[in-house]
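Both of the next two complexes hold chain A, though its partner changes from chain B to chain C.
Let's look at the complex of A and B:
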C-alpha cells in the first residue's frame, strides 16, 4: 500500500496569515552564529553582563520573600500602577508629558506593536514603514496581513518629501493608510536618527493626511552625544502612539515594554492585552519597579552609553580601515546598529554562507524590507561583541566582500531575482 | 550486549548545523526511549578531552555537511580509538565529493548524469562567459548546478535558461569553491536508504519525493511542509528493483558501512540515474531515512540501537 505523507501534516489547515511564517535557508545559517568561533555582528542583544547582576539577584529574591503574595499573583492587564508612574518619569527624559492612566505595560515593546496592529489593521490595509524597517515590526504587520509600503530614509532619517509623495500616491489610489510606523531615533537597522526639523515636518504631513504615527523608541536613551532627542510624542500627544521598552536600558530578558496612547486607544489596548495574555508577568513588572526605585538606573544607562560608544567607535574605525572601496555605511550617534551598503552587483543574502564559512555573521538587508529589496545592504551590530572581536569580525567580513567583488567581476554582476523567494531571513531574538 | 554510554555527535560548524542538531536530538530521543544512556554532544574544543576522560562505548555521528561527512571527524574518532557508527573516513571522503562518487559508481555500472566539476578559479582565469558557453554547448539545458561538496540542496539550483547560469554559479560558489554542473534529468526523484543488519546491507523502501513547485530545495526539505513523500515510490516493478539495486551497488562500490542514503532520478522510461549519496543522512522529523524505516515496519530506536551494537566491540 502506498503511504503518502508531507513534511508538515497540517499544511492546508493554516490561516492565510501564517503563509509568510517560513524561515529561509539563511535563517538556518544563524544556528552557527552562536558558536564562539564565529564573530556575530548579527544579533541585537544588549550586553546585560554589564548590569550589577548580584544586586539585581538579591533585589528579586527579596521582592519574592517580602511580597510574594502580590508578586506571584495575577495583576491588572494595564500594568502595575506604580510602574506606570515610573514609566512616565522615564519618558520625561525625552520631553514627553504623560498621564500614567494612558500607559499600558506590555511584554516588551514587541507586544505593544502587536496589540496596536491588532486593533487598527484589517487585512489589506496599508502601513507605512521606513525603508529599511525593524524586522520584528514587519513580521507583525505580515501576521495581520497588512500591506507594508516603504518610505525611504537617509542620514537624517525618514525623508519628508518622500513621505508626502507616498501619501499622495496612496490617496490617489484610494488606499487607506492606517499608520506610519517609525523608529526615529538610532533606527534599527539603519542606525540613523530623524533630525529635529524633520520631526516637526513629518508630524505636519501626517496631520495633513490624517495618518496616525506609531513611534517605536527602544534606543532613545542610548545616545552617545549630548541630551536625548525629543520624541515625536513630545510634539503631539493626540496623533502619536509611543512604544517604549526597558529591554535596552535595563534587561531584555525581563520583557517589559509599554505603549503610551491617546485615552480611547488605550482602552482598546487594555482589552486587547487582556485577551492576549490576561496580564503581564507580575514578577517582571515588579522587578523593574523595584530596580527603578532602588538602583542607580540613570548611572547604569550612562555606563551602557560609554560602553556602546566604545564599541561603535571600534566598528567605525575597523570599517574605515578594512572595508574595500565602494562600501559605504551609516555613522550612528547612538543605539546598536550600522547599516552597510556594498558595491553594485553584490548580494548580501547570497554571500551570507561564505561569511559563515569565514566565521563572521551579519544580517542580510532583505530581512528589513517586505518587498524583497535590501540585497545591497547588511545590518551590523556592535552591541554585544567586545571591541577586539568587532575588529576581527570586520576584518573577516572585508575579506568576504572582496571575494564577492571578485566573483561579481567574473560573472558580470548578476541579479539573483530568479532565486526562490526566501522566507524569513533574520535571526531570532536570542542570537548572540 | 548492553550499551552503557553512547555519545551522539550533532551540530558542528557546517551550514547544516541546525539540521544536524535536530537530527541529533531525534536519534538521542530514540535511544533514550530504550533506556540507553545517551550524551548529546557538539563538536567543540571540549570533545576530545571528554572522549578521553570518559570513553563512550560507541559514538553515533549525526553531523551533516563538512567535517561530519567528509571523514575528518571519523578520522579523529579513529585516532582516539572510539568505535563509531557509519562509514570509515576514506569511504566518506570519496562519497562526500560528488564528482568522485559519481565516477566510482559509474565504474560499478550505474548511470549518472553527465557533468563537469569546475573550481571558481577556472572561471576567473579563462573568463566565465566562454566557459559557461562551452558547458551549455556540451551538456545542453536544463542543467543542475550544485556545490561538489555539501548537502540539503544548499547552493543548488536548476537552470533552464542559459541566462540564469551565471546567477546559479554565484549562488553555488557561496557554499563551496567548486561547482558540479550536471545535465538535469527530468523524472521521479527517489531516495533509497540502506542500513546494514548482521553485516549485510538491507535496502529500505524507496521514498518518492514530490516537491511543490518542483523544487526540493532547503526550504522544501525542512520547513515549507508542502513536499509530499510517497512510499513505496510509484515505479514499475522493474524500475523499483533497479532503484533498490542501484542503492545497494552505490553502498558497496563506495565502501560504505552501517547506513547510507542514495538519491536517484528515474526517467519516465524507467532509466535510473545516480545523483549522490549521503553517509550521514538526515534524521529529522521531515527526513527521508526515518520515513523509510517506519514504512518498512521498523522502529527508528531499534535500528539506531542495532547499529550501535554492531560497532560495540
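Let's look at the complex of A and C:
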C-alpha cells in the first residue's frame, strides 16, 4: 500500500471502533461561530472570570514554590489522598456517604465516563440514556461501540414507566443492558431535574432488571432554589457509580473530576486510568486541594448560583417576551441549559447556519441523540454570556425562528439535510 | 444477581477487555518499598527538585492572575496552538520538520499511546514491541486486547534481522500487524539506543512489510554525549507516528505530552482525545507554554543531562566494583535506566521481596514482557536517588544477588514462583 497516495491512506488500518470517529458538520460551523460579534448560546463554558483570579494565582504560585517537588512530580493513578477526602466532604452536600478509598480522581468527569465505559462495555452492548442526553457521553459510548437506547424524559426528568417499558422490550429481545446513564439534576441538555419520588422509582426498576446506574452530576450544587437534592448514589451505594466534577464549581481548565464506585469497580477503574494516562496532573489536583483547603469555596458556589440564576432569568424572560408562538422550552431550576422546541416543520440543524449569519449560535438538538432525532430541538445555554447579551441573543434567535416559520408557511416545509446521521455531532470541548 | 454477596459482585458485568486489568503482586511490593530507608532503583521519576521551583511558582502564579480566564477554562481538544508551535521547535532538535496542525497535545505521552492504540487496534491484532519493552505500553496494548509479539534487541537497539524474521513468520501465519512500537533512544527499560544505520534499516523493513511505526521518545534530549540523534520520524513522516513528552525535560507532574501524526491520523486522534477527556488541562498546557517562552529551558536540559550523567556514572562504577561475577548490564549513553542480567538459575521476581527486606528496590524484568519472560533481568534506574544513595543501593543489591547465588549453589536452584503471568506487571505511575 502506498501511504502517500490517498486522502486518508490509513483508512484500511484503523480499528473498527474508529469508524464512528468522524467530525460532524456542526464542528465546522462552530469554528465560525467563535467570533465576538456572535452571541453564543451554544457553549457550556462556566464563567470562570467570576473567580478571584489574583488570589488563585497567588495560591497556585505559592503552592508550586513551596511544594514543587510534589506538585511537579507523578501522582498516584487513583489521585491525591487528601483531595479524595475533600471530595467525600463535597459529596456529603448531596447526601452521599463515601470512603475516600472508593474515589478515583480523573481528567474531568469525561475521563471517568470513558473509563467506566471502557471497563463495562463490549461492542454491541446496550447503554440506556435519556432522550436527549449529554453529547460528550454519546461520543464516548460510540467510541466503545455501544448501542445507545434512549428513554424519554419530561419536566420531571426520566420517565419511570418509559424506562420499565424499554427494559422489558430489551429483555424480550435478549439484549444485554450494561448500565443506565443519567444526568438526574439540571440535566444537560434539557435543564430538567429528576423528582425525588422518581429517584426511588428509577432505582427500584434498575434493581428489578439488574441494571447498573451511571449518575453524572456536574451541576448538582448549582441549584437556584433551596438545598441540593439527594443524589441517586445517596440511595444506593452498590448499584450506582457516581461521577462528579469541579469544572463548574471551581474551574473547567483544571480538568479535575472523579468517579465514586463500589470497591471492586474502583480497583478496575484505577488500572484503566493508569493505562490511559498514568496519572492526572498533580498541578491540577493539588491546586484543587489547596483551593478547597484555603479558599471560601462554599461562598464562591453561592456567588456562582446567584450569577447563573440571574442569567437564567434573563433567558426565560427574553424567551417569554420574544419567541414566536408554537415554541416551547424548559424552565431549569439550576445548571446551565434551556431546551427549546420549535414548531412542527422547522429543522434546527438546517437552520443553524442562518442563525450564525444572524450572529447567534446554539447547539442543534441532533447532537444529543444517537439516532438522528432532535431536529425540532435546540440547546440554549445561559452560563457564559452576560444578561444583556443573552437578551440580544434570544432577540436574534427569535427573528431567525420567525423567518423559518414564514418560509415554512410559504413553501410548505423547510429544506432538510436528509443525510443519515454519521456518528455523533460532537461540537467540541467548550460546547459540551 | 445479588450485588452485595460476592468478592467482586460485578465480575460477570465487565467488558472482555477488563479481564486483563488485574493488579500484579509487584504493585503490593512497591507499596512497601516506598519508605525512606529503602533505596529505590525502581522508580522512573525525574528529579524535579533540580528545577528552580521559586521561579516556576512565580511564573505560574502570574500566568493565572494575568490570564486566568483562559488558564482556568476549557481548551481545544487538540491542544493550545502556540504550544503546538513550540513543540515543533523542540522536535527540530531531533531533525523533525513538522506542522503544528499535525500535533495533538495529550495527558503525557501515555495518553498518546492509549489513543493511537484505541484508533488502530482491534482485539487480536498484533503489535510488535522490543524485548524488553516499556511496561506502560504493554499495559495499554493489553487493555485493547492486542497480542504483543516481542522482537529482541541488543546493545545497538532493535535487531533488524530479528524484525524481518518476525514479520515474515507473522505474514506466513496470516496475522495482521498494526504497528511496531519502539523506544529507539535510551530505551526504557534496556537503556540501549538504536544505531543510525539500523534506523534506516528498520524503516526499510517496515515499509517492505507495510507496518506503521510508533516511535516513543521521552528521553531523546537527555543524551550524555554529543548532539541528539535523528528521530525515526525525521526519516519518514508518513509511516512514523511520533510520541513526545515534557515529563522528563520539564516536569512529569504537568502531564504534557504529544503525538505527531500524519494529518488524517491526527484528525482521528483529536476526536478520540475529545471522547476520552474533552481536553487537557489548560493550566498544564499554558504553564509549559509560558515556561518554554520565558525560561532558559535549553540550559535546564543541559543541567539535567549533567546531573543524570553523574548518576549514571555512579551506578556503572558501583556495578563494576560490587556486582558478583556472572552479572552483566547495559551501559546507557542517556536516559534513566540500566538493564541488569543475573546468572542462570536466579529469578529476579522471586528475589524482589528479599531485596526489599535488604532495603533496595528494583523492577523485576517480567514487567517488561507480555509473555512471562524476563526472570533473569531487572531494571535499575539512576534518575532519582543521589549518587551516594545509588552506590549504597547497588551495594545492597550486590549482597542480595551474592546470597541468591550461594543459595543456588547449595540447593541447586532458587525456588521459583511458577504461576503463569497474569496480565501485565504494571508497577504504578512513579515506577514506569
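Just so it is clear, the second predicted complex is superposed on the first by the 412 of 432 C-alpha atoms of A that agree within 3 Å, B and C clash if a C-alpha of one lies under 4 Å from a C-alpha of the other, contacts with A are read in each partner's own complex, and residues count from 1 in each chain.
Here is the rule we use: contacts are C-beta pairs under 8 Å (C-beta built on N, C-alpha and C of every residue); 3 or more make two chains touch, one makes a residue touch a chain.
Only a predicted model underlies this, so the values are computations on that prediction, with no experimental measurement involved.
When the two complexes are overlaid on their common chain A, residue A:62 makes contact with chain C while staying clear of chain B.
In the superposition on chain A, contact of A:281 is made with chain C only, not with chain B.
Using the contact criterion defined above for the overlaid structures, shared-chain residue A:249 touches neither chain B nor chain C, since it reaches no partner. Residue contacts after overlaying the shared chain place A:411 against chain B, while chain C stays out of touching range.
By the touch criterion defined above, A:10 lies against chain B and chain C together after alignment on the C-alpha atoms of chain A. Of the two partner chains placed around the shared chain by superposition, chain B is the only one that A:37 touches, whereas chain C remains out of contact. By the document's definition of touching, of the two partners only chain B reaches A:356; chain C does not.
Touch criterion met: A:23 reaches chain B and chain C at once. In the superposition on chain A, A:262 makes contact with chain C only, not with chain B. The interface of chain A with chain B overlaps its interface with chain C at residues 3-4, 7-8, 10-11, 22-23. Partner chain B is touched in their complex by these residues of chain A: 2-8, 10-11, 22-25, 28-29, 31-32, 35, 37-38, 347, 350-354, 356-357, 359, 406-408, 410-412, 414-416, 418-420, 422-423.
Residue ranges of chain C in contact with chain A, taken from their complex: 1, 3-4, 7-11, 13-18, 21-23, 45-46, 48-49, 51, 53-54, 56-66, 68-77, 107-108, 110-111, 114, 118-122, 125, 136, 139-140, 142-144, 178, 210, 212, 238-239, 247, 251-255, 262, 264-265, 267-268, 271-272, 274-284, 287, 426, 428-430, 432.
Of all residues in chain B, only 13-19, 21, 44, 120, 123-124, 128-129, 152, 154-155, 157, 164, 166-167, 169-171, 173-175, 215, 217-232, 234, 286, 291, 295 touch chain A in the complex they form.
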